[in-house]
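Listed after this line are the structures, all set down as structure tokens.
You will see chain A twice below: alongside chain B first, and alongside chain C after that.
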Partner chain A sequence: MKAISNVFMYVFWTLLAIAFIISLYFFGIGGFLKISTIFEGSEVDRHAVILANVLISSDKLSYSDENKIYRGLLDLNKLNRYFVSEGTFDIHPFIIKSNPIIEEFSYPNSEVYISVWDFDAQKSWVLAGNGPSDGKLAGFGSCIFSKIKLDPRTIFRLIAYHGTAALGGKGITFVAEKVKIPVAQSVNLVTQYTWSTRLLAMTGIWDQYDLKECENAVATKSGTTSKSFPVAIRISENEIHLGSLNIQLTEYKL
Partner chain B sequence: MKGSSPTLEVFGIVSIILLSIVVLSLVIFPALGELAKFIPVDSAETVARDLSDLITTSSATTDRITITYTPSKSATYNIQIDERIVKSELLNDKKVVTGKGDSKLGINNLQKSFSDVKTFTIQKATEKAEVYENIFSVDAE
Partner chain C sequence: MKGIEPITILVGFTIGILMLFVPLLATTIHLVQNINFESQVNNAQLTLLALLSSTYQGKQISQIIAEAVQQNQYRNLDEILSIQLNKITDCYKLSTPSKVLAQSKDCTPTKYTASTLISLPFSEGKMAEKIILVMN
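Here is the complex of A and B:
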């Protein structure tokens, strides 16, 4: 009887020791993930802050006269030239194309979405694109195009989503053209692929898990971050509005 | 026989040893490795990261800026800047590469390469600057 009791006690203590080690493992995993997140996440955060500072100090975006560049004072004319205003944004992929600002200031293997809000006029401008890629992000395009769904249910969803626009715009041809436009443009295929496909995903041609699968297949994400910075927008010589520049940066590993 | 069965004892000890090895190899060693890359101020990874951030940040000047960066009193580096990536190699006393690191650069059109250097000088001046005219240079010695 005593021997049986000892066996039970031993089994109990062994199980307790194993449970303790397993819990250490999970706490350890948590710690490791935290360490990785701190380092990799902080890098993306740092890049977003630097990029935003470079942008608001750039002659391409900020107001400048003959003598100096006014950091943080965005020029309305330059915003209209390089950004897309909210009213015209819609979901047309061809307007999201290679942009001098993103060509000059962007991190490799990254996606960036920049928006500027004018609080006084209740107006906004957006700009989206990719930094130079080593080809991994281009693989995203071929992956996602291999997953196009044009079954009757998707077509129905598509028409429901677009309503008369889809019917009036030649139905499926309308969609096919939207797919072909970014492919046909040779300005920046990576930009065209990733952002246009993401926008087109809203139409239901792809499911969200297809997008996720293709993202994971082509590159390992380092992290995503969003930052906002107060700016002023120079409307005219006598009019300045308050606003913000918001930047969303997603980086993939080299 | 007194106490528990020797088979159980052996099983318990072996299980605990195996689990400990799993914990060490899967969690603790990678975490320490991750930390080891970033803690030293003069490692190749840190220098690549600092250099890329300093160069990109210098673009934010609205007039002119000069940055002198010396990561360590004694360490020297091979640096290659190309395709918006800064690659760094840490050299030891015998000029043998002992560590490598790379980091992303946020600006365009910069290609430089330096061998066995200790100090970096980053200069940027906009077209608006009085003395300089649209300078952007990274030098090392």
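Here is the complex of A and C:
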């Protein structure tokens, strides 16, 4: 009888010890992580919503006359001025570079990828860049370019995957055509990588682990979100198309 | 320990810990739901704004609706509005306080509402009509 009682006591103290460890985890680091993860994830969502609303209410993108700015009515001329349109994709989206829109409206330590779709004309415009930081994000570029692999195997893989367009001086055009893919995906998907990483990964010149290594070396990602907002696009006085503004925002902890 | 079973203490202890986390869980869910709701309401407003601003065969949608309302002639209006709305949303209902102007098939929206007034410049009665968009 005493032996049975001892077994029960052992089981009791073991379970109590497990409960104590679990409670320590929840009260300590576990509880903290849970709150931080959900709250900061929501924070990125909020930032994306706010940023998109600021953009569609801004004189830089929306149509305006002398008296007022028309919220949600994007001006074709301004889109052509600040964005890269589908027909003229070139090497620019490839590089994280400054842009007047991003310089004026962006969150610190963030990367932003904005695309505008015209559903009536089946046209799109893209813009990408990073918000103000202490230069560490720009280090991503130098890190990734230091890891270019141009060995015969990679070149063969490039040709095998993407056809002969990668050779013969059409490499830039080839990259530009591929840019359409993330634009389409960004409408509804929260992708695993940032816009720059995805663009770079498509070339096949870098391996995924190189990209990840450079991302981790530069900063810790605190969240990525992708949101879509209905807008109208003013083509001319008598022609206004329906479209959407899609924003993908990634924020970093440096 | 006499009189109280160890298992009772253990169950009590576990329930006590779980109870501590219920408010925490409820708060975080509440936060996320609020943000999603506000984001979707914002989208409903933008959808209505974009729809009324857009043009169909060179004519502004708000003008097409205004003419239909003041003349009480709703021929083809449902079709035109559906063509436009289907470009930006799947589940919608657009109406005035007294008449449904367009509604998506196979879906009854209930979640997010946006409304605005459009002018009826040549109407003999009221000078404005309320347009209501409900989306999911």
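We adopt the following convention: the second predicted complex is superposed on the first by the 171 of 254 C-alpha atoms of A that agree within 3 Å, B and C clash if a C-alpha of one lies under 4 Å from a C-alpha of the other, contacts with A are read in each partner's own complex, and residues count from 1 in each chain.
In the analysis below, contacts are C-beta pairs under 8 Å (C-beta built on N, C-alpha and C of every residue); 3 or more make two chains touch, one makes a residue touch a chain.
As the structure is a computational prediction, the values presented were derived from the model and not from experiment.
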| item | value |
| --- | --- |
| Partner chain in contact with A:46 - chain B first, chain C second, else both or neither | both |
| Chain B versus chain C as contact partner of A:251, first or second or both or neither | first |
| Partner chain in contact with A:9 - chain B first, chain C second, else both or neither | both |
| Partner touching more residues of chain A, whether chain B or chain C | B |
| Partner chain in contact with A:71 - chain B first, chain C second, else both or neither | both |
| Chain B versus chain C as contact partner of A:103, first or second or both or neither | first |
| Partner chain in contact with A:59 - chain B first, chain C second, else both or neither | first |
| Residues on chain A lying within both footprints (that of chain B and that of chain C) | 9, 11, 22, 31, 35, 39, 46, 53, 56, 70-71 |
| Contact footprint of chain A on chain C as seen in their complex | 6-7, 9-10, 13-14, 17, 21, 24, 28, 31-32, 35-36, 38-39, 42-43, 46-47, 49-51, 53-55, 58, 60, 84, 87-89 |
| Contacting residues of chain A [partner chain C, same complex] | 8-9, 11-12, 15-16, 19, 22-23, 26, 31, 34-35, 38-39, 42, 45-46, 49, 53, 56, 70-73, 119-120, 227, 229-232, 238-244 |
| Residues on chain A engaged by chain B in the complex (per definition of touch) | 3, 6-7, 9-11, 13-14, 17-18, 21-22, 24-25, 28-29, 31-32, 35-36, 39, 43, 46-47, 50-51, 53-54, 56-59, 62, 64, 66-71, 103-110, 131-132, 251, 254 |
| Contacting residues of chain B [partner chain A, same complex] | 1-5, 8-9, 11-12, 15-16, 19-20, 22-23, 26-28, 30-31, 34-35, 38, 49, 53, 56-57, 59-63, 83-85, 102, 104-108, 126-128 |
